[in-house]
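All chains are identified by letter, namely A, B, C and D, in their written order; residue positions are counted from 1 within each chain.
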Amino acid sequence: MRGRTNAGLVAGGALVGLVVLTAVASFFWTPHDPTLVDAAQKLREPGGGYPLGADKFGRDTFSQLMVGARTTLYVGVVAVGIAAVLGVPLGMIAGMTPRGWLSELIMRVNDLVFAFPALLLAVMFGAVYGAGTLTAMIAIGVATVPAFARVARAATLQVMVTDYVLAARAAGRRRPAIAVRHVLPNIGSMLIVQASVSFAIAILAEAALSFLGFGTRPPTPSWGRMLQESQELLFSTPRLALWPGLAIALAVLGFNLLGDGLRDYLDPKLRRIR
Amino acid sequence: MSDPVSTLRVEGLTVRAESLELVREVSFTIAPGERVGLIGESGSGKSLTALSLMGLLPEAVTASGTARLGDRDLVGVPENRVKDLRGRDVSMVFQEPMTALNPLMRVGAQVAEVMTLHGTPRHEARERAVAMLERVRLPEPGQVARAYPHQLSGGQRQRVMLAIALANGPGLLICDEPTTALDVTVQKQMLELIAEVAPALLFITHDLAVVASVCERVLVMYGGRVVESGPIREVFTRPRHRYTEGLLAASKLTPRGTRLPTVQGSVPSAGQFPDGCVFRNRCPHATPTCETAPALTGDGHAFACWHPAD
Amino acid sequence: MRRIGIWIAVGGLLLATAACGGGDSGGSASGTPKAQSLAVGFVAEPANLDFTSTEGAAIPQALLVNVYEGLVKLDQAGEIVPLLAEKWEVSDDRKTYTFKLRENVKFSSGAPFTADDVVFSLDRVKSDWKLKIKSQLDVVDKVEKKDDSTAVITLKQPSNGFLYSMATRLGAMFSRTGVSDLANKPVGTGPYVLGSWRRGDSIQLDANPSYWGTKPPLSSITLKYFKDATAMNNALLTGGIDVISSVQAPESLQQFADPNRFEVIEGTTNGEVVLSMNNGRPPFNDKKARQAVRHAIDHKALLDTAWAGRGGLIGSMVPPTDPWYEDRTGDYPYDPAKAKQLLGGKTYNVKMRIPNLPYAVASAQVVKSQLAQVGITAEIEPLEFPARWLDQVFTKGDYDLSIINHVEPRDMGIFADKSYYFGYDNPEFGKLLASADQGTEQEQTDDLKQAAKLLSDDAAADWLFLFPNLIVAKKGVTGLPENAISESFDFTALAKQ
Amino acid sequence: MTLYLLKRLAVLLASTAVAAVVVFAFMALLPGDPAEIALGVNATPEAVAALRQQFGTDRPPVAQFLDWSGGLLQGDFGTSYVTSSPIGPQIGDRLGVTAVLVLGGMAVALAVAVPLGTYAAVRHRDPLGAAISAVSQVGIAIPAFLAGILLVFVFAVQAQVLPSGGYVPFAEDPGEWLRGLLLPWASLGLVQGAVLTRYVRSAVLDVMREDYLRTARAKGRGSTGALWRHGLRNASVPVVTVLGLQLATLLIGAVVVERVFVIPGLGDLLLNGVAGRDLLLVQGVVMVLVAAVLVINFVVDVAYHLLDPRLR
């Protein structure tokens, strides 16, 4: 059991690491300019400086994939960042004052936001502020706030009844101090797990939004848009859909495996059972 | 129903988890109506011994040797051949009453289930379930039957478990620390009840006082082996194995009713017991002789020790 | 009761699904529509059916000629031919048109069609229509009924464009009793009537049983709407539709290469895909900057990559099917060095706000890449079409570059209106157009050639390509309009062998 | 239980009311005056004012809100500024289509997930059980629209056994209705099924560690029988939560599948409304979606209480 869990963790970490490395590398080097239209290379077969061939605009697929990794991470980081920055403090406040009116208010608002699924928010935000990567990410981020708030609240509730927190409270430490010194470090592991899973969901959401035309703007390479653009050539040049499809699947798989692996690794309850 | 003259005979029972021997060559018999205690510290293998008799060992843990109840084999047969014995001929009450009942099912239904499983018609089982609850001295048994487990206290739930165990009038009842999780006052009532209602009993505990109050005979386990066995009075007044001696000596220092005190040193974890006499690394009387495993010898009062106390 | 938990319920549902699925796939050959009807795939679904108050091509495409008829219509060669008017006479001063109407024409409501309806319909353009193009009929002075079957239209001054406008939606004939709910219940004299409208999916047109002319060969036509080009292709491949009215993913045409199954028709349209430049504000209020853009774009490469090489290249706002067409593609050859020189070494950041339509999104990426080579950085911003694009670009003029297919026929006049979103303001151009409209046929042709040249020289915009009319049909479908000459998709002759 | 139900119902109504305010306020942010948009570029100010009066958009927001929400209570969503047709029936039609799509997809998901997840848990040491886990992990990683495109490619375009898209109302032709829905159901159901498989697996794994399963076996049940009789209902408690979440997400998430398969569902209507600046329509659709999510949450909570006596 332990061996297999580690395998998942390692595989997930490796896939995520690959995405990160590719994204970082794309800042320094890509085989070609990923947005350069070159009619002479239209639908070029793989080979000779174009490892994965070129699309109908003659743009190098490999370079686009590399820069697309950047977009993918950008989407995930911003969406998860917004969700965590807003959700975690709210969840902690709710968890530390479980009977207060503030806690009640936070959880009610949370439930309300929860009623607006990410895609709906993205379409609404897109309608008001115009479609684009940032709008989409903010929408996904806001829609993910409740998930973080819930996890943070549940974990905080558990931490608040532990001996060390009770001792700190008895010693007269103020709540913010307890939150920073005791609660945050102890709910961190659950939040990391949630972040990893939310990251995967954000990647899928970006792909769906790109498919609907609410996602990343052209010509910025994005795996979701590459997939959407490759549709008309699915019959004749399936490789154009294959690569971005594979990239999305592997990235999502990576973040999910990482999340699951971390959960098993960090969750003391599961460890005890093993 | 059950055969009234079925005797439990266990011979050479060995329990393994992969290559680890957790219980080794355990042999004993329990005659009809006899009440036998099985004591030892945690990790001694007493619970595994009980579970192997029920065929309830965890995954990847296997038992070998023989255990027969009357003429039926309990060990080394596939589950579908022993499962009709469980709950009918042998029953078991577990240590933790809080989690042993299905939280989503009414108590009465859980008691009735054990009867319908073994052929009692549904309506009859339902009536008898209430009777069983009454028999384990639950007040207002009709109401209890309609309750869900979370509405009952720990002691009440353990009584329900006992009702389930006794519902089919089994020939043998196995209790695995049935009172450990209960309040002291509740413990006492529970023990009296078990002593009163049990047919033949295998009672597992690490509490010497409890054994003394319930059982006639005792088996002392250490390191996966039975190191001493015999009538309670003899074993407790004149322990022969050095481990039993240590146990008793330690328990005398504390007031009656407290838990088994540990012997000097600590119990090694599974697989870390020494060869030969499993107790020799903690035994003040150990000599090189002890590197050879002693056999359990003696009639009535038996023990496995090269240097027994007198 | 509790025993029948959700698991059992779920199991039951499963079985039901499986059973239905299994049972059905046996008799699955019924996918093709009935012989008497055809399904045609379109891209844009009308929001409503009132083309007197709603812009856009979707409504006239479905209804004009098919449900609503005018006095005249355009045939496939682009000639004006009689429709509800049997014939017409033009006075010597070219200001009075006398239309002799067909007898026994009835609206689908049963009301007879008379000269009163002509007066009503044309007056209504002035009083009730909410579209900009209604100004094309500003030239009409008065409309009068002579008798039930004769209508007389008097113009303020001679106009070459008048009769042509009468062939567009502006000339559509409405019943005096049939305009109460134009958005949902069209009443016309055409060969088809509105059968049903399943919003978001399809409009069904049924043959008009009391049609005055040759009865249409089909009993019904379904116009199915697809927002996704691939979905439309798949529908034709799998028999869900019989015709793709306009291919939106030209790269995918090779799927239909099998001549035993499909027929690919490539005709022309009046659609000029225009790279509009905001003449009204920097940087493109500077003619040199506009000219630089025209030199910076490799139109051949653009057409090859963005639209699979389908369509033609043009250099001004005139399609080759118009009599005053001249090849102006050589005016601004692809010359990045020249472009840089025109820009004087300066670089610019501009907003390219485009509709989120396939041709625009594809073309924009090429334009952006090519402009980047000469120092113009264009940020592409796709806007939902129509609403957001109309609002920001068309109405407010808040853009630097845009790309849109101007599909209206003979629409060079839009450049004459300086309030139009191009912001192009050259009085010379307006004079040429006015003189063309009033002059003789030859004068008209000469003036318009001049005007087109002026537009091109001024680089009022750039013309990326001429949108092709790409139709794919199942083998055996006949009577398809090869060229998209007018606003309407003419179903009159559509049939299936 | 009744008290709980009433309380929960009150919460549902209150949240729906608050949601209505939020949705209305949000729509007020949308740029553009409906009357100006409807009249186009060169409308006279008088015409715009007249149309505003006709639409009722000249009144204070509070009055407009009361009007709108009052209409909602009677099932009246108003009349579209763009299509001049009543919005309620449109939403009703589309909601029906989306509901069929989503519920069918969930049924497929359950059909996939319950047996596979249970098997993967019970046999988590077998290669096949591990393989199911792995495949479900991969299934989650595939975007639903990609699954849809691939299914169309295989079953519609290549094999030509099912239509590639389109929606035929049940009343028109039940057979075609079903044929048209099989692929959309499959593409929603397989992806969601993969997600659900993992939850079922972990729920069953958790339950398998429970003492009461051992009790059940001690009563004389086999391990399968014990799991069936005592385990699955306990395992269903967490699964129901996930099911509710998925259902809520799918209501709008189905829009991509609607796009791939050309199904006129609610998501499609929403996108149309956004593209056409049909504010009242967008407002109505968003309200219905949000209300539906709230109702789903309500049903899940109640189901929870029915399933788990400890909460009663």
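Criterion: a contact is a pair of C-beta atoms (placed from the backbone, for glycine too) under 8 Å apart; a residue touches a chain by one contact, two chains touch by 3 or more.
This one's a predicted model, so the numbers in the text were calculated from it and none came from an experiment.
> Check every other chain and keep only those touching both chain B and chain C; list them.
Joint contacts, listed by label: D.
> What is the chain whose Cα centroid lies farthest from the Cα centroid of chain A?
Computed centres place B farthest from chain A.
> Need the CA-centroid distance for the pair chain B / chain D, whole Å please.
53
> Could you state the distance in Å from the CA-based centre of chain A to that of chain C?
Whole-Å distance between the two chain centres: 42.
> So, what's the distance in Å between the C-alpha centres of chain D and chain C?
37
> Let me have the rounded angstrom distance from the C-alpha centre of chain A over to the C-alpha centre of chain D, please.
22
> Residue numbers in chain D touching 2 or more other chains?
Touching at least two other chains: 31, 149, 157, 233, 259, 271, 274, 307.
> Can you list every residue of chain B that touches 2 or more other chains, as numbers and ranges?
As it turns out, chain B has no residue touching two or more other chains.
> Enumerate the residues of chain A that touch no fewer than two other chains.
Correct list: 127, 231, 234-235.
> Can you work out from the touch definition every pair of chains that touches here?
A-C, A-D, B-D, C-D
> Can you tell me which positions in chain C touch chain D when the two form their complex?
Its residues touching chain D are 5-7, 10, 13-14, 17-18, 20-21, 24-25, 27-28, 30-31, 45, 47-48, 50, 53-55, 130-132, 181, 183-184, 198-201, 224, 226-228, 230-231, 234-235, 237-240, 384-388, 391, 394-395.
> Which residues of chain C touch chain A in the complex?
228-230, 233, 249-252, 254-255, 298, 300-301, 304-306, 308, 356, 361-362, 364-366, 368-370, 372, 380-384, 388
> If we count contacts the way the header does, which residues on chain D are in touch with chain B in the complex?
Per the touch definition, chain D meets chain B at residues 125, 210-212, 214-223, 229-230, 233-234, 307-310.
> Mind listing the chain D positions that touch chain C in their complex?
31-32, 37-43, 82-85, 90, 93-94, 104, 107-108, 110-111, 114, 149, 152, 156-157, 160-167, 169, 175-176, 178-179, 182, 185, 232-233, 236, 240, 259-262, 264-265, 268-269, 271-272, 274-278, 303, 307
> Once bound in the complex, which stretches of chain D touch chain A?
Per the touch definition, chain D meets chain A at residues 15, 18-19, 22, 26, 29-31, 130, 137-138, 140-146, 149, 153, 157, 209, 248-249, 251-253, 255-256, 259, 267, 270-271, 274, 282, 286, 289-290, 293-294, 297.
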